[in-house]
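Heads up, there are several structures right after this.
Look for chain A in each of the two complexes below; its partner is chain B in the first and chain C in the second.
And then the complex of A and B:
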């Protein structure tokens, strides 16, 4: 049952992505992009990942607001260019190669609903699930992995965010522009 | 009544809802080690509250509530607090990122005061993410250069530009 629902949502996602690429209006493209994120969030919720579902939905809403706010006041909100022939051929070739590799990769996936770590008994996930509550005391195993077992990853993520804000502030700050004139 | 921001309906709805959304963000951050959520989604929800205020009431009102300077300070404070918690593990046990506080509440699992440094890390990450994403919104969507008859005129975000 859940496979059918997830498959339907995946079809919706592909349709919304095609609309987002092919439409001429930038605002419509942004709204279609938001539909992709919303369906992704529902899929995450259905397959049992509420943490990722919350994060996906919230970040999607935020980026949608920023994108609409950033695109709607621009002068150039429509695109009237045609694709050139070489670009179309290259896109199709890359899609074909990706399709071939995808078929090859899909054969190695475990069956839907089977966690990947049952195939490999030495995967670290087994240790997290067996000893997570006892070793960290956190009932939410995702938080335990993010902030206890894999604290370095979270530190790196925070550093990336900090650096990106620093770069954006350095490029877009007011004072440098004033000094130029 | 000044005519900044959106219509009176949106303003009234925002005035009622902003506290609840902010409270939900704080709940997601604080209970991140017990329920789905954590520092990152909670921080984004908190940033979304300020973005809602900015959209509904105009940028002067929102920047009066939380200016760019305060957002920058909260951003840096969250990052430094996270690094400080990680470094305290070195001081107490000799390993970076060690959970050095007592992990279990004496009366059982699923208590708010449990899991050692994980709630504190969630708090610092939430502070950092909320402040920095609000700053991204200010930078990308509010600061803009408007060209009037060929001459660039910058609409700034701060009143502090003396």
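And then the complex of A and C:
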């Protein structure tokens, strides 16, 4: 049952992403991209990941604001999208080869609905699930993993976020300094 | 079947990142790739009939372990989503600067390599 529902939402995601890539108007492309993020959030909610669903929704709203800031009030929003024919054919051929390799790789995965930690009893997830509440005191195992077992990852994430915001501010600031001269 | 649809979204993202001339479309393609990979990793950790990995009192620990979905990919994807926002803001900043410099989003018009 849940496979069908998730599959339907994934088909919606495929359609929205095709619209986002192929439409001429930049603003509607950005809005279609927002639809992709919203559908992702619904899928996360369905497969038992409420933390990710909330985060995805917040991040999607923020990225939509950032992208609309980039695209609004730009005069030339439509560009005729034809690159040279040979390049397109070469790209599609490479994508097709990539597609074949991907299908071959996906055949080796376990069936949808049987995660790896069920099949392999030495997976770290088993330890987190069994001892998470006792060792960290967090009822939510995701936050136990995120903030306790792998806390350095989260520290690195905060560093990356801070650095990227610093970089974005530095890139946007140069123009203002030049103009003042 | 579900994994293949995720892979299809990833391929659409690759196509957008490689074939499009508009720089906003390239950014959207890259972000689509990221979303597809995040979705795929979370779906790999799903267990049939599983519940969210949050312990409540009405359930014994062994029952919880036998029903919960995989929390490890969820923790990683949570990190990845937030980092994706940082990547997006950086790319959009570069795109805005390029627009101010060249007056267009078309990457074939940006020919002057000197800063």
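Criterion: the second predicted complex is superposed on the first by the 174 of 181 C-alpha atoms of A that agree within 3 Å, B and C clash if a C-alpha of one lies under 4 Å from a C-alpha of the other, contacts with A are read in each partner's own complex, and residues count from 1 in each chain.
By our rule, a residue touches a chain if its C-beta (ideal position, glycine included) is under 8 Å from a C-beta of that chain, and two chains touch if they have at least 3 such contacts.
Everything quoted here is computed from the prediction, not taken from an experiment.
J.: So in the superposed three-chain picture, is A:88 touching just chain B, just chain C, both, or none of them (first/second/both/neither)?
T.: Once the two structures are laid over each other on A, A:88 reaches chain C alone.
J.: Looking at A:101 after the superposition, I want to know if it touches chain B, chain C, both of them or none. Which is it: first, second, both, neither?
T.: neither
J.: Based on the superposed arrangement, let me know which partner A:59 touches: chain B (first), chain C (second), both, or neither?
T.: both
J.: Examine A:47 and indicate which partner it touches, taking first as chain B and second as chain C; both and neither are also allowed.
T.: After superposing on A, A:47 lies in contact with chain C but is clear of chain B.
J.: Does chain C touch more residues of chain A than chain B does, or is it the other way round?
T.: C
J.: State whether A:21 touches chain B only (first), chain C only (second), both chains, or neither.
T.: Only chain C is touched by A:21; chain B is not.
J.: Between chain B and chain C, whom does A:154 touch in the aligned arrangement: first, second, both, or neither?
T.: Both chain B and chain C are touched by A:154.
J.: Tell me which partner A:165 touches in the superposition: chain B (first), chain C (second), both or neither.
T.: both
J.: Once the shared chain is lined up, is A:112 touching chain B (first), chain C (second), both, or neither of them?
T.: Touch partner of A:112: chain C, not chain B.
J.: Touch test for A:137: chain B only (first), chain C only (second), both, or neither?
T.: first
J.: Where on chain A do chain B and chain C both make contact?
T.: 50-51, 55, 59, 62, 66, 69-70, 133, 139-140, 142, 144, 146, 154, 161, 165, 168-169, 172, 174.
J.: Sort out for me which residues of chain B touch chain A in the complex.
T.: Chain B reaches chain A through residues 28, 32-41, 44-45, 47-48, 51, 55, 72, 75-76, 78-79, 82-83, 86, 96-97, 99, 103-104, 109-110, 114-118, 121-122, 125, 128-129, 132-133, 135-137, 139-141, 143-145, 154, 156, 158, 161.
J.: For a test of understanding, state which residues of chain C touch chain A in their complex under the given definition.
T.: 1-16, 18-22, 24-25, 27-29, 31-32, 35, 38-39, 42-48, 50-56, 61, 64-65, 68-72, 74-79, 81-90, 92-97, 99-100, 103-106
J.: Note which residues of chain A are touching chain C in the complex, please.
T.: 2-3, 6-7, 10-11, 13-14, 17-18, 20-21, 26, 29-30, 33, 36-37, 40, 43-44, 47-52, 55-56, 59, 62-63, 66-67, 69-71, 74, 76-77, 79, 81, 83, 87-88, 91, 95, 98-99, 102-103, 106, 109, 112-118, 124-126, 128-130, 132-133, 139-142, 144-146, 150, 153-154, 157, 160-161, 163-165, 167-169, 171-172, 174-175
J.: Write out the stretch or stretches of chain A touching chain B in their complex.
T.: Contact set of chain A toward chain B: 50-51, 53-55, 58-59, 61-62, 65-66, 69-70, 73, 133, 135-140, 142-144, 146-148, 151-152, 154-155, 158-159, 161-162, 165, 168-169, 172, 174, 177-178.
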